[in-house]
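In what comes next, chain A is part of two complexes: it sits with chain B in the first one and with chain C in the second one.
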Partner chain A sequence: MRASSTRRQASNFAIFLGPALAFLVALLVVPIAVDLVVAFTDMAQTVTVDEFTTKQFKKIVRVSDDSLLGFELRGSFYRALTLTAIFVFFTLSIFNVTFGLVLALTTTALPDRLGAFFRAVWLLPRMAPSVVYALLWIWVIDPTERGLLNQVLVNLFGLEPVNMKLDHPMTVIVLSNGFIGASIGMLILTSSIRSIPQHLFYAARADGAGSLSIIRHVVMPALRWPLSYITVFQTLALLVSFEYIFLIMGPSRSTMTMAMLAYTKTLAPSIGSGLYAYGAAITLILIVIGMVIALLLYRLTNMKSLLAQPRIEVH
Partner chain B sequence: MARVDLKNVTKDWGTAKAIDDISLSLENGEFAAVLGPSGCGKSTTLFMLAGIYLPTSGDILFDGARVNDVEARDRNVGIVFQSYALYPNMTVLQNITFPLRFKEISRADAERSAREIAELVEIEGLLDRRPNQLSGGQQQRVALARALVKKPNLLLLDEPLSNLDATLRLSMRTEIRRLQRELGVTTVLVTHDQIEAMTMADRIVCMNQGRIEQEGTPEALYSRPETVFAASFIGSPPMNLLAGEASDGGIKVGEAVLDTAGDVPPGAVKVGIRPEHITVNGEGVQAEILIAEPLGRETLYTARSVLGTTRFLEPTSVPRFKVGDQVRLGFEPEHTILFDGNHDRRLEGVRAHV
Partner chain C sequence: MILRSVLAAGVALATLGGAAAPAFAEDVTIKLWSRADRSGPMRPGNIVDAADTLNNMLAAAGSDKVVKVELIETNAKGFDADALDLLKAHSVGDTPDIIVAAHEWIGAFAQAGLAANLDGHIEANPNLYGDVIPALWESVKFKGGRYGIPQDSEVRMFFLNNDMLRKAGKSDEFIAGLSEAVNAGEFTMDDLCDLAAEVKNSGASELGIVHRPNVGPDFQMAMASFGIDMYNDEEARLQITKSGLKDYYTWLKSCVDKGALPADMTTYSWDSVHAAFRGEKAFSKFHGIWNLGAQLEAFGIDPLDGDAYFNKITWINAPAGKKGGTPKNLSHPIVYVVADTPNKDLAAMLVALATQHVPNTKHAVGTNHTPVNYGQAAMPDFVTKGWGLVAGVPLLEYAEFMPNHPKIGQYNAITFQGVQAVETGEMTPDEAVEMVIEELETELGEDVIILD
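Presenting the complex of A and B:
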């Protein structure tokens, strides 16, 4: 009995977890391992490894002997660290979580069809190719009078045109990433709200609760887990995301986050790329930061207790 | 405590009429049971009383004042849902005090009321638990306590006992009835269990397809059902209904002809006779036993005769007859109820007998 059940467990493990494990190794473990190795080399334009060294990290800690380039690299790194923190914090807190929650709450309170319509509108940018979405933003913030924002400011309010790209670069990337990122939170939270038993809402109303009390005492408790999930997941996603930043801002120094820096220093053609080992070192730091943040949030949001409770006991 | 009136209330979901023009009055302190099959509109009626659903037309009055436009939270109605609908993130105590948050009551007073009511429903030992740590019966008591803690004008119970086992159901029946008497609160109990309705309520409202089929005391519904539906829905095992054709010579049922008393209008009729009112081996027709089912205190038989298939009860725990036995079945005219075969309504002042 025991032996056969152990064997069955082993085969279940292979059948159910095997493909996922293989996938995990091929797509996550291998790249990280490669990154780890490259980060400790001197790989550059020639893509050859001459020595194993920690000099990529030293470049970040103190100004190296390579004079000018070393100085520049160190400055870029700390600047990127700050910009990444600002970018992730504001995009996440304002849009991905808060705005996603507001969208979920309002669209579920609307009549079904109207709610579905508004959700679809918010999903549109996700369905459009990134380039189209980026072009839209480039048009909106165009510094000349052709830009949508400036048309509104000048024609409707009689204000001076603004150059968002130059004067408020971080606002541009927070807004553009936020508008697209809010839809994930909206979808997850909407389905969570939908899965709250209807009778709980009825009970709360009969008990005397108004809309705000219902949100506070019935809806929010049911959203604890999805909100934690969105926070952790989106933090990690934003840390490494650079697609829209690159498409809208280009390799501008004003929005050079960690992910952008790693990209431009390695793969971006014709803009000082080719510093593979340096990019790998930055990526490695980014991975470590991601892991630390994930662990911290995991603790903070008490996700452990939520994950640990098995819904069905398996023997 | 309130007197409650429904006046020509209709609820149309667009796809179907869930409630079709019902009128009903409940006296202050009365315990009414709404009884009917699944989907007949019981919960809908209850939710309209609570202010959760709005009637499509018609009026709902509490103590004579129209409350159609009064929101659920201002109606002071306590409601127990079939699913109990306890707040999963709150403890039992927090669940019970929840309705008091919205009243001008201090925290200490609220907690005192909650403890009092918890004692009344005997859950004072469970106050720190969460709903998922409670059994069905305990959850049901918590839901009851939450409904009662604000001293509601009207208590609404939506099939509160359907998730409980037979023993617990029996004791909760008595307990709810005791509480209701003690507090004197006007109560509507929704159920599809006719025994629950008969034992607990002062009055039964029998519903079918969004209409009130009949209302009255449990005795009245049992002994004088107005429609074929009420006759077949109330009583367990259900009433025998023999389809026949009335003419001057009597009522022809199957191959037999029943004598009549009173003026039976010619045409299709149904003769109703309860299983416990069929006499065995007295005067009557020849029948063969098809099925014998011991029910504990009594035995239910199904038999075939010239009247068709009929069921009868015998007050013996061990079956007296076995399958294939021949018996004579008859009934007294005072136990028969005749229905118009076309409209399924009761015919007044007429009887039939073998």
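Presenting the complex of A and C:
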């Protein structure tokens, strides 16, 4: 009796959790394990491994007498880290969180249909294929007078045309990633605002609260967890994001973040790629940075209490 | 003579095959790897056609073997990306039999055990290869052995728009003498930038010079003009000269400062580079002879009217970096590589047939590439339609090849980083040299010699 129940448990486990587990292992665990191994080899264009070595990591630093540790980051890595920090910080703080919040607050304050319309408009970039979205950006910021931005600047305001790719490359990638990233924040926060019981709004109104007070005292407290979640999740996503940067800017030095650096050293076309172990080492560093940041934010935003079991059970 | 030896080779093959073959027809599939490329559809096409010839020979010899070519047409963005894809396929045992590749990858292919040494095949078939221009064999050598067969060659140049020069007040004598002045070392790279700036400032053009937006051989040609010898033959290592690199980057910076070169050149798309010159916005374009066809079409010139073309456009080598120096050119041949597979003998015969005068001329004249055999220049098709190619041959006198070193791709990519950093104003030439040397030392290690 007991044996058959154990067997059934085991088979249920395999049937119900097996596919999800296989999926997790194949798509999340295996790539990281492969990256970990490859990072400590000499794998390059010929895709063969001749030795296990730490030399890929030595490429990232250089000996320096001035430094406390006796070595410092090499120029291109220091630069890549700085650009990554700028990219993640500004995209996240301006768009993914703040703008997402503003969109959620304003579209829920509007009549339902109008609100839904504006949300749909902000979802468009997310729905468009990335290549199409990137092409639109390339057209908008084209440095000649063909570009949409320059048409507006020159014809409407009588200004000189600007060359965004050359003069403000980071602004381009923050804006292009931000317009897409804002929609996720908007969706999550909208649903959170919707789940606030209506009677709280009525009560606040009855007590004489204005719109701003309602936002501050009724809405914002309910958004704490979703905001923390968006911050952690989007930080990690942006750290490794390179798709739009590559599509819009190409392998440009001015937007060579860590993720772009790893991509250009390994798989990007026509830029001296094929250094698989070197790229894996850079990716490994990125994974470690991601883990540290995730743990830090987890602590800072007190995510633990969000994920804890509820103390009471509501029936 | 040639036909007889082709037949002889075919018969020999057929006999060999026949000895081992069973009585029923035996299909041999030869896998041909080639990227879809507008600038050379006949590169794989000639191999496919060669299979018909070879099958006729096999049939005539009574062999039951039938050769079929399976074309693996890739959509890689360039020859570098394609070579990396091929190496990946090879690493998992998916090795094709014949590969159309850029010659500088031969080192990596040989090192990976992918490319077969063809010395024996070439020596055994002197009548099939005897007319190949000898200098081209250098482009397929790795450590002394030949690992490929040249498929075409080319010359690169600065195209200059004569109409704009005239508009800027330059005389026809000046224009006619430019090419000679470049070859004599009197007209330098700096003079070229000054001229481009002058034309632009006179209002005759919107842009000065445009060059390719991505990593590629043109930059090695310009580096050679500044005295950089990229390869040490004795040690089989890449090399770079700091002072030459500094001169090169200083030149780029001065061109940008003078307005002769757009600062954001490296963020252009290929289409905008082409459009700038063909649409007569840019005074000069730094690229190669295969541009000719598209230029004739864009300028509305009769493809058979060479005089009309050269009345509008002047070709010059990359001028010398310093007065009295030598100008440079860089030929970047595409080659057929035969992989070290059980089918390599048959595959090599297909390559031999595709290298003959008639098929190669179809490619050369059709896509404006210089030929691989001497005799092709005398063929009627060449004489009537190939005037541009004939005009390109004198430039070949100054031509060098990129070294067939496995790490040349990295070398090019790193030196290109310096180009981008200097042009966009991110770094001074000195800083760029320091950055590039550090990257070269770190990424290439023992494979590169740094000279002062």
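The criterion applied here is as follows: the second predicted complex is superposed on the first by the 278 of 315 C-alpha atoms of A that agree within 3 Å, B and C clash if a C-alpha of one lies under 4 Å from a C-alpha of the other, contacts with A are read in each partner's own complex, and residues count from 1 in each chain.
Methods note: a residue touches a chain if its C-beta (ideal position, glycine included) is under 8 Å from a C-beta of that chain, and two chains touch if they have at least 3 such contacts.
Please read these numbers as outputs of a predicted model, since none were measured by experiment.
Overlay on chain A: chain B and chain C fit together in the combined arrangement. In the superposition on chain A, A:210 makes contact with chain B only, not with chain C.
Annotation: apex chain A, arms to chain B and chain C, angle 150° (C-alpha centres, rounded to a multiple of 10). In the superposition on chain A, the chain among chain B and chain C reaching more residues of chain A is C.
In the superposition on chain A, A:168 contacts neither chain B nor chain C. Once the two complexes are laid over each other on the shared chain, residue contacts for A:74 go to chain C alone; chain B is not touched. In the overlay built on the shared chain, the residue A:47 is in contact with chain C alone; chain B does not reach it.
In the superposition on chain A, A:275 makes contact with chain C only, not with chain B.
Closest CA pair between chain B and chain C after superposition: 51 Å apart.
On chain A, the surface touched by chain B in one complex and the surface touched by chain C in the other have no residue in common. Chain C meets chain A in the complex at residues 76-78, 80-81, 83-84, 87-88, 90-91, 108, 111-112, 213-216, 263-264, 266-267, 269, 406, 409-414, 416-417, 420-421, 424, 426, 435, 438-439, 442-443.
By the touch criterion stated above, chain A contacts chain B in their complex at residues 197, 199-200, 202-210, 213, 217-218, 221-222. Taken in their complex, chain B has these residues touching chain A: 47, 50-52, 71-75, 77-79, 81-83, 85, 87-90, 98-99, 101-103, 146, 150.
Note for the complex: chain A touches chain C at residues 45-48, 59, 62, 74-76, 138, 143, 163, 165-166, 249-254, 269-275, 278.
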